[in-house]
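Residue numbering begins at 1 within each chain, and the chains themselves are lettered A, B, C, D and E in the order written.
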Amino acid sequence: MITFDHVTKIYEGDVKAVDDVAFTVEKGDICVLLGPSGCGKTTLLRMVNRLESITEGEIRINGKSNRDLDTIELRRSIGYVIQSNGLFPNMTIEENVTVVPSLLGWDRKKKRERYHTLMELVGLDPAEYRKRYPHELSGGQQQRVGVARALAADPPVMLMDEPFGALDPITRERLQDEFIQIQREVKKTILFVSHDIDEAIKMGNKIVLMRDGKIMQHDTPSEILVHPKNEFVSRFVGKDRAIKNLSLHTVEDLQKEIGLGDINETIQDTKTVNIHQDLRNTLSTLMNQEAEQVIVTDDHGEKLGTVTIDHVQRYLHLEIREKAPVSTEG
Amino acid sequence: GGKQVTIGGKNFTEQYLLSQMTVFMLRERGFDVDEMNNLGSTVVRKALVNKQIDLMWEYTGTALVTYMGKEPIADPGKAFEKVKELDEKRGIKWMNMSEVNNTYCFVMDKKEAKKYGIRSISDLAAYVRKHPGELKMATDAEFANRPDGLKGVEKRYDFNFGAEQVKQLETGLTYTALASGEVDVAMGFSTDAAIEKYDLLILKDDKHFFPPYYAAVSIHEDVYQKYPEVEEVTQKLADRLDSATMRKLNYRVDVEGKSVSVVAHDWLVKNGLIEK
Amino acid sequence: MTWFQEWIEFLNVNLPLIVDLTVEHVALVGLAILVAILIGVPLGIYLTTNEYLASTILQAASIMMTIPSIALFGVMIPLLSIINKGIGFVPAFIALVLYSQLPIIRNTYTAIKNVDPGVRDAAIGLGMKTVQRLFRVEIPNAMPVIMAGIRTAVVMNIGIGVIAAFIGAGGLGVMIVQGIVRTDQYLIVTGSIAVSLLAIIADVLLGSVQKWLTPKGLETNS
Amino acid sequence: MERKKFVSLMVRYGFYALVIYFFVWSFQKNYFSYLFKETETFVLLTRQHLELVAVSSLLAIAVALPSAVLVTRPRFRQTEWIFTNLANLGQTIPVLAVLALMISILGLGFKTAVFALFIYSVLPIFRNTVAGLNSIDDRLIDAAKGMGMKPHQILFRVELPNAAYSIMAGIRTAIVINVGTAAFAFLIGGGGLGVWIFTGIRLFDNSALLSGAVPVTLLAILADYLLRLLEYVVVPKGTRPSANA
Amino acid sequence: MITFDHVTKIYEGDVKAVDDVAFTVEKGDICVLLGPSGCGKTTLLRMVNRLESITEGEIRINGKSNRDLDTIELRRSIGYVIQSNGLFPNMTIEENVTVVPSLLGWDRKKKRERYHTLMELVGLDPAEYRKRYPHELSGGQQQRVGVARALAADPPVMLMDEPFGALDPITRERLQDEFIQIQREVKKTILFVSHDIDEAIKMGNKIVLMRDGKIMQHDTPSEILVHPKNEFVSRFVGKDRAIKNLSLHTVEDLQKEIGLGDINETIQDTKTVNIHQDLRNTLSTLMNQEAEQVIVTDDHGEKLGTVTIDHVQRYLHLEIREKAPVSTEG
């Protein structure tokens, strides 16, 4: 658990990079810091492991102020993935990944094992990369190694500064998916910086949307999409936020809330969608065919029911009403 | 289109002075003079032969023994004539021999010499033969490697310092090395001011190894033909110079620290050789 | 008199000599650099069009640089004696030209090579002829690095020029060598200060030339 | 393409031919006679030369590295420009002057020569080390800090290995120059192969000259080559410039 | 008109970058070359102005093979916007823009006028930027100058290699909009490289989708979305292609095809959309509110009718049927 208790950072020359920020990242959550360039995301992150001093306020990790902890130990207990991966060019991939274990004095065998586990976790062949150097890897591969390195000593807390920043969209998406998978296994408390709304929606349990050092909104992705608190948030998430919101939900969610429609066997040419398909793609399929409905199947291909555009719309409204009953905005 | 000559000079004080004086005097006679100095004997000689320079002050002994490979001649006049004769076929004219005799010599600290009982080079040779590897000698590169240099001395007096005992260094520094106790014997020139300055003992050349080294002008024949007045100009200079004068002038430069051009100029003016 | 006062006195008396030697030094180094630029810059530019030759020439030039200065000056003597120019200006001049080649060629070569390929492509794509591209785009953008090479060469040569005194080419080295021979502090100090000053002044001057030749648009990048 | 390759080959073999011709010519003229005639002296001079270079270079490394590390620590960052400028200024003083001025302080001989050579070698090593340490990407230091490395761990595991290329380049330059500069030790009685070079120049004796100059040159080239090998061993593979090209 | 007549490019080392490509870009069209990284887009483009040689086949410009034209003249008659803008750092903005006119020897006055026209065209103040240098401009401004430079000598043909590549999404969208505007005025024949399907849909009259040097599909954007020819195309355009397709159409298009619904005054709380709004954002608005319909207004705010989700779906089907009556795929 990371608690920001009215934290302010003023750089030399009176730049207020972070302005009275207060929020908490719950244990096991991914909290995404989102905002335009220069809004103070990196600064906020770096105050957690004290790479930047805190001007005012306090940051607590599991209830203890990070000021009271030994810097070196504090940092070793926090995994840090830097904006530009920051692999050490002088070390092989294996040395890079096991650098913290080395600092902690693990024995060779334990390090080797950890290296194997981690590389497999991030989807790289341990044997193939062991003796290579960072410059011999593609950008995407380097990013993965960066993530593996941060995970090495199994720190309970991770700070990730745009870890998938400089990648092409396809690689980026793959890494995001893999990382979500990893997080399901490792369950870290993660503070994740991004400036991309789609990434934030995809990765975050919570989003902290910042502007000029201040928090604009701190909410779940869905809430931010559905009920942006002000004009800035609303512009930042974009006009098609309802459609973006759809990608947060699956047909299964819809089934749970409002149930599926009956299967009308007379209608021909109807497409099927898997129950784990997200609603955005389901809507797309619906719009693209002449029939009013698509058939929902489970993983074994068994037909479970149908979905119509009307279902989708009703589900969306339910979601909105349920989560923020009084709001008329949006 | 004026009168243009290049003067060459070697790399020690006396040569700087001779060359500088000649420059002043020739300039006054309307010459445009280039200097190319600070050279080793053989180099400057080669430059003369190659016509890279036109004239220089050369020493009879050096020419006879080093350049021409002849046996030394003890009589100064005969040596001069011999050199002059031999160089004629190379198109080089010798003239205006002065009374400056700048011969090589071995010097030691007076006290130390007394301690070892050394007065002459023979004494030195005897001591070195008895105590090989004890005494150290300082010499410049030229003397160390000239046939009429250290090797010749060692041969004539039948002794050997050994390669490790011989320190080679820049010409003027042999005295410094001696004075600072780095070495026990140093090579020097008889007109050097340092001998006086450090109150050194010149070891007697009792086997007459070193020939006389009288300074004279050597000039290219065709340059001479072109500017015969050079002879007259340098004659005046040669007439006034002798070893004692030279040592005094050297003293002013090396010990009193006056600059070469100032010393040269002052002396020329004082002797009425140039106008102020 | 204090040492310092005596030194001032010395400077007073010897001013003409100092000036003469400085002029000689500047003439020798200046001429050598000029010729070195005339050879090195075009060669460096040409090398960008021939990779193979580039590695050969750059290797040769860097071996040239490892030859100790006194040895190079020395070797000039027997070589140039063949044409009766063993000592004096000519061998010193040639040695200095050779020494300048590496920094000048290498910097010119890498500078032109490192012109952003996008920029080069744009120049070609807009229909510039080779010469236009060279003079309008590549050389202006390579200017700071080329000038840096020239500066290195000049500062280095002013120092090496001192050694020219040993082979009769004059210059400020004469003062230092005479100073050693006569163990004269004033000569040594004056000579070396003059050489240092010359190097610093040349560097500063070339710095402003560099600034003047560098297109404004590059200033913050370099 | 082919023509360019051809031109390059021609030039390369041209160089080789020149070098070979030079040696053949010198041998024909008996210019290396000293090496055979006075082999003992040659060995002595070479040994002196190597001693001069080795002692002064080791001293220079021992002094330059720690001081460069020191001035690049945050505490001294503000003062760094002073040292760098001093180092730059030092480079403009001619070798001869350094040698000459040392005489009045340390007298003549080996010690003085070593000291002058040391002074002359310290600067390039210092400059390159400072430059190498300064050119390390701040983000690397950040990553190291963020991982909980202590300052000395950052220095030895991250900074020095990543600056190794630049440091080695400085050492190599310094030592190669040093080999050449050591030839001047003769002037103040420090011995070395300079003795023959200057003898050669003074006496216009090409044999002495080449018997001194050619070995010194070969020594310099050999030193360069050996140090390149050393560089290959010392510099981590991932940080060599060719690796990132 | 640019015709690619079975063009193949093989690089040294046997890399077949372009493989038997044949298609034609009509006069006044924007044809977008689309495809994943390394598929040969840049290579194909650079063969047009002979920055790369052609291994086999022929490229004709207005019927003339580009082999028969003088290289320099060919290049001067083709505007070229390079992948990374490639402005000359040593020249001021004015010099950059007028570099081709300078090469052509225009007089100073004419160049100055042209500079003004062009800068206004790309939306930059001519006076303000005249004496500035490229590095003093933001990325987006540099891209505009790059476009202005390529337009300088009014070349009938333009090659644009990811001209809006390295920009943040907001700037990128603005530049795209502006460029579409410019193209309406200048009517060039444009070959435009992109790897972003959204950009291709937005900018292109035609899209050439490539993979490993081969053409996968050459069609209108809508056709590619609705009837992808094969699995690769279908994957490349994405599962939500129906929704993407919606952004190609405006409410006005829908009105023309199937008309708007009546306004039911009793329904409260209904939102309005402008008639020029695209259908994707309109759908988003529809999904996000509880009412079944939104009210359509014209530019003066006058109410013209309503749109429902049903309208949108019907329009979509009509589009599909009309354009490819036999297809059952998609």
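Methods note: a residue touches a chain if its C-beta (ideal position, glycine included) is under 8 Å from a C-beta of that chain, and two chains touch if they have at least 3 such contacts.
Bear in mind the structure is a predicted one, so any value in this text is a computation, not a measurement.
Chemist: Determine the shortest chain-contact distance, in steps, between chain A and chain C.
Modeler: 2
Chemist: What's the fewest number of moves from chain B to chain D, given that each move must go to a chain touching the current one?
Modeler: Minimum number of steps from chain B to chain D: 1.
Chemist: State the chain with the largest centre-to-centre distance from chain D, centres being mean CA positions.
Modeler: E
Chemist: Counting C-beta pairs in contact, pick out the pair of chains that comes out on top.
Modeler: C-D
Chemist: Could you tell me the distance, in whole angstrom, between the mean C-alpha positions of chain C and chain D?
Modeler: One centre to the other, that is 20 Å.
Chemist: Rounded to the nearest whole Å, what is the centre-to-centre distance of chain B and chain E, using the mean of the C-alpha atoms as each centre?
Modeler: 90
Chemist: Quick one: chain B and chain C, Cα centre-to-centre, how many Å?
Modeler: From the centre of chain B to the centre of chain C is 37 Å.
Chemist: Determine the centre-to-centre distance between chain A and chain E, using the mean Cα coordinates as centres, and give it in whole Å.
Modeler: 32
Chemist: Where in chain B do residues touch two or more other chains at once?
Modeler: Chain B, residues with two or more chain partners: 11, 39, 43, 46, 170, 173, 176.
Chemist: Indicate the residues of chain D shared as contacts by at least two other chains.
Modeler: 103, 187-188, 198, 201, 204
Chemist: Could you pull out the residues of chain A that touch at least 2 other chains?
Modeler: There are none in chain A.
Chemist: For this structure, give each pair of chains that are touching.
Modeler: A-D, A-E, B-C, B-D, C-D, C-E
Chemist: Of all residues in chain B, which touch chain D in the complex?
Modeler: Against chain D, the touching part of chain B is residues 11, 39-43, 45-46, 138, 140-142, 144-146, 163-164, 167-170, 173, 176-177, 180, 182.
Chemist: Considering only the defined contacts, which chain D positions touch chain A in the complex?
Modeler: 137, 139-140, 142-150, 153, 157-158, 161-162, 164, 236-239, 243-244
Chemist: Over in the complex, which chain C residues touch chain D? Could you list them?
Modeler: 49-53, 55-57, 60, 63, 66-75, 77-78, 81, 86, 155, 158-159, 162-163, 166-167, 173, 176-177, 179-180, 183, 185, 188-189, 191-192, 195-196, 199-200, 203
Chemist: Can you name the residues of chain E that touch chain C in the complex?
Modeler: For this pair, the touching residues of chain E are 49, 51, 71-76, 78, 80, 82-92, 99-100, 103, 133-135, 149, 159.
Chemist: Using the touch definition up top, name the residues of chain E that touch chain A in the complex.
Modeler: Touching chain A from chain E are residues 36-37, 168, 195-196, 226, 239-243, 245-246, 269, 280-281, 283-290, 309, 312-313, 316-317, 320, 328, 330.
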